[in-house]
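As written, the chain order gives the labels A, B and C, with residue 1 at the start of each chain.
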Amino acid sequence: MPLVRIDVSDRTSPDTLASISEVIYDAMRSTANVPEHDKFQIIQRHPADELIYPEAGYLGVTYTPGIVFIQVTWNEGRTTEVKKAFYEAVAQGIHERTEVRREDVFINLVETKRENWSFGNGQMQYA
Amino acid sequence: MPLVRIDVSDRTSPDTLASISEVIYDAMRSTANVPEHDKFQIIQRHPADELIYPEAGYLGVTYTPGIVFIQVTWNEGRTTEVKKAFYEAVAQGIHERTEVRREDVFINLVETKRENWSFGNGQMQYA
Amino acid sequence: MPLVRIDVSDRTSPDTLASISEVIYDAMRSTANVPEHDKFQIIQRHPADELIYPEAGYLGVTYTPGIVFIQVTWNEGRTTEVKKAFYEAVAQGIHERTEVRREDVFINLVETKRENWSFGNGQMQYA
């Protein structure tokens, strides 16, 4: 059920993109109880002038043109502890498997209801 | 008021795109009480490696590179029955008017408040 | 904490894009109590057939291919008055600094919770 939007630099290699995609799915599986095969992601590559971040950094974190924006839409109800574990698993996994800095992993969650999904066929599978 | 994001393969023909756009608007009009001319959509074409779906399928639904991701932001308050009718109308309409499979129509709804829209001119038209 | 998606025509000049980006950030600072340096934006350029608006207009507002879609995800809790001031500041600022018409500034807000953000490093900075 999560729908993940991943916005990255157009200089990101296909291997790095594939790793980012895998890490997010694995982190959802291991920390947030997401079912197997529930992997739906929309990636978008951007030229440098389309990804805007504060040059001075924010809250002590600094960014580079390699920033990775991850916006996840999923169902409401996950605890703060689960979200913390998810953030850590994503940043750490991306850092371990790619050249992306931990600081460059930006994550935002949008929460919705169980009935707000159709996984194809015109059906409301979670009803 | 709905803002619709439609993410598709870059191999989708202009005719198919236009039909998908029309079908979504028509389904909103016929099932979800959306006003005439309330048609705001952002389409994005993607190369194959930017649209990620489970190769094994999910919940018995299988997908192809022709998957169409539809994410709708609209006002809260619609019933589960309305949402079911909307999903069915979108999948059926797209299937009838294009070569897209019913299984490849993925829909997610995000709900917001009436005051969360400006339709231009710097005004809050729904206040 | 706001994450702003800005979808524009691919005929928009870099100068206009930079001004739109600045105006949105400035309006957040001046009307909505957004902290300094909290500037995270994803811009996307589109060919004309990817930005869909009603040819007949909507609620008395008319649109051109120069329409600018602005979708802001930020924390819940802002008042209707703050949102009104934000809409006005964005439309007016863009009109003053670019060739974009006030009518072509479309804004939608999506609200989320404080714990739904990681600004990098795998941390939940607002917890």
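Simple rule for what comes next: a residue touches a chain if its C-beta (ideal position, glycine included) is under 8 Å from a C-beta of that chain, and two chains touch if they have at least 3 such contacts.
This one's a predicted model, so the numbers in the text were calculated from it and none came from an experiment.
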| item | value |
| --- | --- |
| Overall pattern in which the protein chains touch one another (line/ring/star/complete/other) | complete |
| Copy-to-copy rotation for subunit B and subunit C - C-alpha atoms, rounded to a multiple of 5° | 120 |
| Self-contact between copies subunit A and subunit B, residue sets same or different by half | different |
| Subunit A and subunit B, separation of their C-alpha mean positions in angstrom | 21 |
| Shared-contact residues (touching 2 or more other chains) in subunit A | 44, 110 |
| Residue ranges of subunit A in contact with subunit C within the complex | 7, 44, 46, 49-54, 56-59, 61, 63, 69, 71, 80, 83-84, 87-92, 102-111 |
| Parts of subunit C lying in touch with subunit A, wherever the complex brings them together | 3, 14, 17-18, 21, 35, 37-45, 73, 110, 112-113, 115-125, 127 |
